[in-house]
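Some structures are shown below for you to check.
Next come two complexes built around chain A: one with chain B, the other with chain C.
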Partner chain A sequence: MDILVGSIAAGILIGMVLALMALGLTIIFGMMDIVNFAHGEFLMIGMYTGLLTAQTTGMDPLFTLPVAAAVGFLLGVICYYGFIMFLLRGPMVAQLLGTFGLMLFLRNLALLFFGPQEMVVHKGILVGKSFDMGMGIIMPATKLAAAGLSVVAFAAVWLLMHRTKIGKALTATSLNAQGARYMGIPTERMNALAWAIGGATVTIAGALLVNFWYVNPYVGILFTMIAFAIVALGGFGSVPGAFFAGLVVGIIMEIPGIWDFFTYTFDSDWMAEVPMTSFKYMWVYAAYFVIMVVRPRGLFGWKR
Partner chain B sequence: MKRTILFFFLFCLGAFLSLSAAPAMAASDTIKIGAIYPLTGVAASAGKELRAGAELAAEIANKVVEGLDITIAKNAGIKSLNGAKIELIFKDHEGNPTLGADLAKKLITDDKVVGMIGCWHSSVTKTVSAVCERYGIPMINDSSSSPTLTKRGFKWFWRTFPHDKWFVKDFFTFLTGMTEGKVKGVKAIPKSDIINIASACEKTEFGASNDDLIKNFAEEYGFKLKKSLLYGAKAPDVSSEVRSLKAAKPDVMIFVSYTSDAILFIKTLKAQKANPKIIWGQDAGFETPEFRETLGGDIEGVLTRAVFLPKIAMVKKAAGQVNKLYNEKMGHNMSGASARSFVGVQTWVHVLEQAGSTKPADIQKTANSIHIPGEELVLPWAGIKFATTGEEPGQNELGSGLIAQYQKGPDGTVEMEIVYPFDVATKDMIYPFKGF
Partner chain C sequence: MEAIKNALDFSDFPRNDMIIALFVAVFLLFFPLFSKSTFAMATVIQFLMFSLYGMGWNTIGGYGGQVDLGKAQYVGIGAYTTAVMLIRWDIPFWFSMPIGMFFAVCWSFIIGYPLFRLKGHYFAIATIATSLVLKDIFEVWDLVGASRGLEISPIKYVPPDFLRLIFNSDIYYYYFILVFFFIGILYVNWFRKSRLGFQLRSIKDNEDVARSLGINVHWAKVKTYAIATAFVSFVGSFHACYIKNLEPEDTMSLDLSILIALMAMLGGAGSLWGPIIGAAVLIPLKTYLKEWLGAMGGLLGIDLIIYAGIIMLVSAVEPKGIWGIVQKVRRRKRA
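Here is the complex of A and B:
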């Protein structure tokens, strides 16, 4: 029983952070129908920002979030005005290949500056601490904090999108850019803002992740794939969709633990033989595949 | 005028001939051995160590070194070949098996090497040795551990280094020794205390072959393997793996991991408050300086398979003497990698000395019959003797592994202490693992 509860709890925790990471992708896609392949690289930059800020200033990685957010915000704006704005005028394939190129560029830039070796946070108030909550739920403090802060960031973005004028202008731009322009909304600036918010959320997620995951220049690709799965599951452009899909994907990633529970419950030999942990990410991509075939607009999607 | 031109032409020709003859004469005084290692790329740090170890062995062989009690230090060069010197020609394979094979071809056809040494990566050793086999050039493999290398029935391939089958077997011998009270500082414990085992192996060639070995030996030695899982070494999170291991309630946890995943496992074990009685790492990540520096006091009590540690000097005089020279040369102690290449070149010197010839057939005959006693070596082996029959021709039969335990020294730093082989143990073992 311990392992079942423990796995699901861990899945939910990590799911919250993954959801925050995917949020930026869904906002950008919802706004301008452009798929950002460099999303994982933004996350990688967020991780490096958190790590290096913590290392140079000596503060706890958790307090580096504002720095990471600022870097992400700027990165989004620079990418939009310096690159994406021009891509949007080109054909669809140019947009796809363009962000793919951005991904390669950022990755190699990181390789140049930081080298191929893995870097990891060793010190911090929460690093290495965990709470035993009974029932087999052992919560590492870093994950708990990351999940909590993810929820806060999510709520902030939701409020921004639904309770402010800027949010309404963003929504209007994504629904009908031309109409919005006629109404006097500066759509170019809204697009840039979408990239900025997207960049900031994902770098915050990165700075949260670096508390317990290592970072190297290649770490982005894994997360890009997971983020795509979350966005597809939740529906392209849906903020609450991204949140719930994040939780679902987090739990899917814990399928090996759930499998173990049944293995021990039934004391089954053949179940023990199945190498579930070797394929723990497979289920995420399988879910992505199924949702693409069965319900392409996702569970909560409104874009068709 | 014509005559001047003719003289000039003849002079040039003469000069050319004498110049080209000079290296040819010099060449007869040196014995070229091709050394193919990963000098750049992700394994470059290991490559640097391998090169330094090999170079030191060649330097010692090429001159008389006072105060060093090993045979190769007694003569300048190969005595039976009129004092011919060893010349190592280093090439960089970058961890690429195809490049390794090309370099081997080049060394054999262009540089006319007498023999080959290398290559660290089992995958590269595989292709390089295949080229050597085709050309009939002897290769001594000093540093690769995949069991399959000596199972191909090659006639020109010898391996000094013991492979993973040895190491896994060593660990189970060690566990059995614990139940018999053979471990220094630990009274005999009932087998039921350590019978349940769980293992996590990374899922490429290294981990997957070890996974099979662990399954086989656990059965042979009467232990219960409750859980064995394979994981991706590049996975940034292993918490579900650790939960799975913990759920099996093992007494002993075995890891076959590279560096970052080894560190991640220990961190996650700590976060999830795992409390096995024994944790053993099958070398690789667990033996790296990075592992120790990153985790510090957390790894006190963790066991790892090890190749070389300075403490070997306490039981082997040669190890201390050679390590001192190495330290003067490089500014740090020998590592597992440099000790392996040192022994590899040392073996070459012994073979050439005894063969008294650089003909491949003579070298082959000598390699198949040579016996280098253990006290010659910097590694804690009984010696070097290659198998000529059986399943693994060319494999050194006298090699063995070490099992070391991380323990806190008097000054608070974490150091490796030998706990196996039992007769060379340097300190009492800490048992059970104190937990995190």
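Here is the complex of A and C:
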């Protein structure tokens, strides 16, 4: 029982960070129907920003969020005006491959600057500490803080989207870009803003994630695929969908732990022999496939 | 008979194109005679293999407009079937290749049938997902060597082994793949003028209109996907015998899938020469950049940065590829 509850709790915690990561992708997709393959690379840049700011200034990694957010904001704006704006005129094939090119570009740029070795955060207020919550749930403090801050950031974006004038303009642009332009909304600038918000949220998620996850230049593609799964499950373009789907995908990623629980409960030999930890991410991809086949709109989707 | 006549009929291209194509064909035929460099030879073999991959992708992705980013899974199926059969049961290439093709086509039906209900991005990402699932399975499956991979040791066989396709010298592989390269061109040339080819192009232009004209859109896509798969799986089988060393990370990676799609797009998707032009530009660029720049100490990844820059430039500036530029120039001349 302990293992089961512990796995699910860990899944929910990581799921909150993953939801924040996927938020940017879903906003960008909802706005301009473009799939950003470089999303995981944005996350990687956020992770490096958090880590390196903490190392050079001696701050705690948790307090590097504003720096990461600024970097992500700028990155989004630069990417939009420098590249994506031209890409939007082309056909879909070009958009897919173009953002893939962006991904390769950022990844190898990171490789050039930071080298291929893995880096981890070693020191910080919360690193190494953990809370015992009873029922066998031991929560690393870093994960708890990351999850909490993710929820705060998520709520901030939700408020921005639903309670401010800018948010209304963003929503209008995503519903009908041409109509929004006629109403005097600068849609180009709104698109750029969507990229900026997307970039900022994903780099914040990266700076949170780096507290308990290694970072190397190749880490991006895994998170890109996870983000796609979350966005597909929640529905392309849906903000609350992304949050719940993030939790679900977080739990899916903990399937090996849940599998262990059933192995012990039933005490079965064949279950112990399945190399479940090697399949850790396969379930995420498989879930994506099943969702796309069964319900392409996703759970909360409004766009087809 | 009609089909062969159609396949050999290139008359809808301008005569200048055909003269250039003839020169290239003659050059490729005599290339091994005057090139002594094994590196150049390997590069040209890579070029031929990737043109075949690209031609396969082009049938569904170019003519049909269905962007498939999971071709590497079929490369993997073809390559692993050949390698496993050769190593475990000593079944020669000529038998294992059709079997691998059969497996790949079956798999393409299994995933293609549900997936072709999706459109655009959704389809593209779903193909990536299936490809990654298959790769993860191959990485733990003991029969196919798990993540250690498989190695065909050439010592066991007497080198010029035409049945098993084990040779000492690259020249045999070169002419083998060259023959299939020409067959591939003829096949695609026939395909684009066949009933299915016209159906696909109408689907690409407007799916709803195509359906209202009585075309079974879903079935046409699934059929073409199987054709594309057969191409890719064949080259995968050849890859197993040529490289002799298979790992899921090389054979089935996402990068390979993207590279295949990218080449066709760089050359010009939906045209006969597009994938070939794309491969001719990209493969030498990639190998030589890696050779010159990758070897330099401290500049890790700079070759891929340049390569990514080219991808970004092409997709932003001229999404119709090199063939699109050629056609634009021609149209301007005529006007």
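The rule we apply is simple: the second predicted complex is superposed on the first by the 304 of 304 C-alpha atoms of A that agree within 3 Å, B and C clash if a C-alpha of one lies under 4 Å from a C-alpha of the other, contacts with A are read in each partner's own complex, and residues count from 1 in each chain.
The working rule: contacts are C-beta pairs under 8 Å (C-beta built on N, C-alpha and C of every residue); 3 or more make two chains touch, one makes a residue touch a chain.
This is a predicted model, so every value here is computed, not measured.
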| item | value |
| --- | --- |
| Chain C versus chain B on the shared chain A, clash or fit after superposition | fit |
| Comparison of chain B and chain C by chain A residues contacted | C |
| Apex chain A: angle to the C-alpha centres of chain B and chain C, given in degrees as a multiple of 10 | 70 |
| Chain B versus chain C as contact partner of A:I3, first or second or both or neither | first |
| Partner chain(s) touched by A:M92 [first = chain B, second = chain C, both, neither] | second |
| Which of chain B and chain C A:M282 touches, first, second, both or neither | second |
| Contacts of A:F262 with chain B and chain C, given as first, second, both or neither | neither |
| Lowest inter-chain C-alpha distance for chain C and chain B in the superposed arrangement, angstrom | 5 |
| Chain B and chain C contact sites that coincide on chain A, given as residue numbers | 116, 275, 278 |
| Of all residues in chain A, those that touch chain C in their complex | 33, 35, 83, 86-87, 90-98, 100-105, 107-109, 111-112, 115-116, 217, 221, 225, 228-229, 232, 275, 278-279, 281-282, 285-286, 288-289, 292-293, 296 |
| In the complex with chain A, residue positions of chain C that touch it | 61, 65, 67, 69, 114-115, 117-118, 120-122, 124-126, 128-130, 132-133, 136-137, 139-140, 254, 258, 261-262, 265, 269, 299-302, 304-305, 307-312, 315-317, 319 |
| Chain A - residues contacting chain B, complex | 2-3, 6-7, 10, 14, 116, 118, 120, 122, 128, 130, 132, 138, 140, 212-214, 218-219, 222, 253-254, 256-257, 260-261, 264, 272, 275-278, 280 |
| Residue ranges of chain B touching chain A (in the complex, touch as defined) | 42, 203, 227, 229-232, 234-237, 239-241, 243-244, 246-247, 259-260, 263-264, 267, 270-273, 294 |
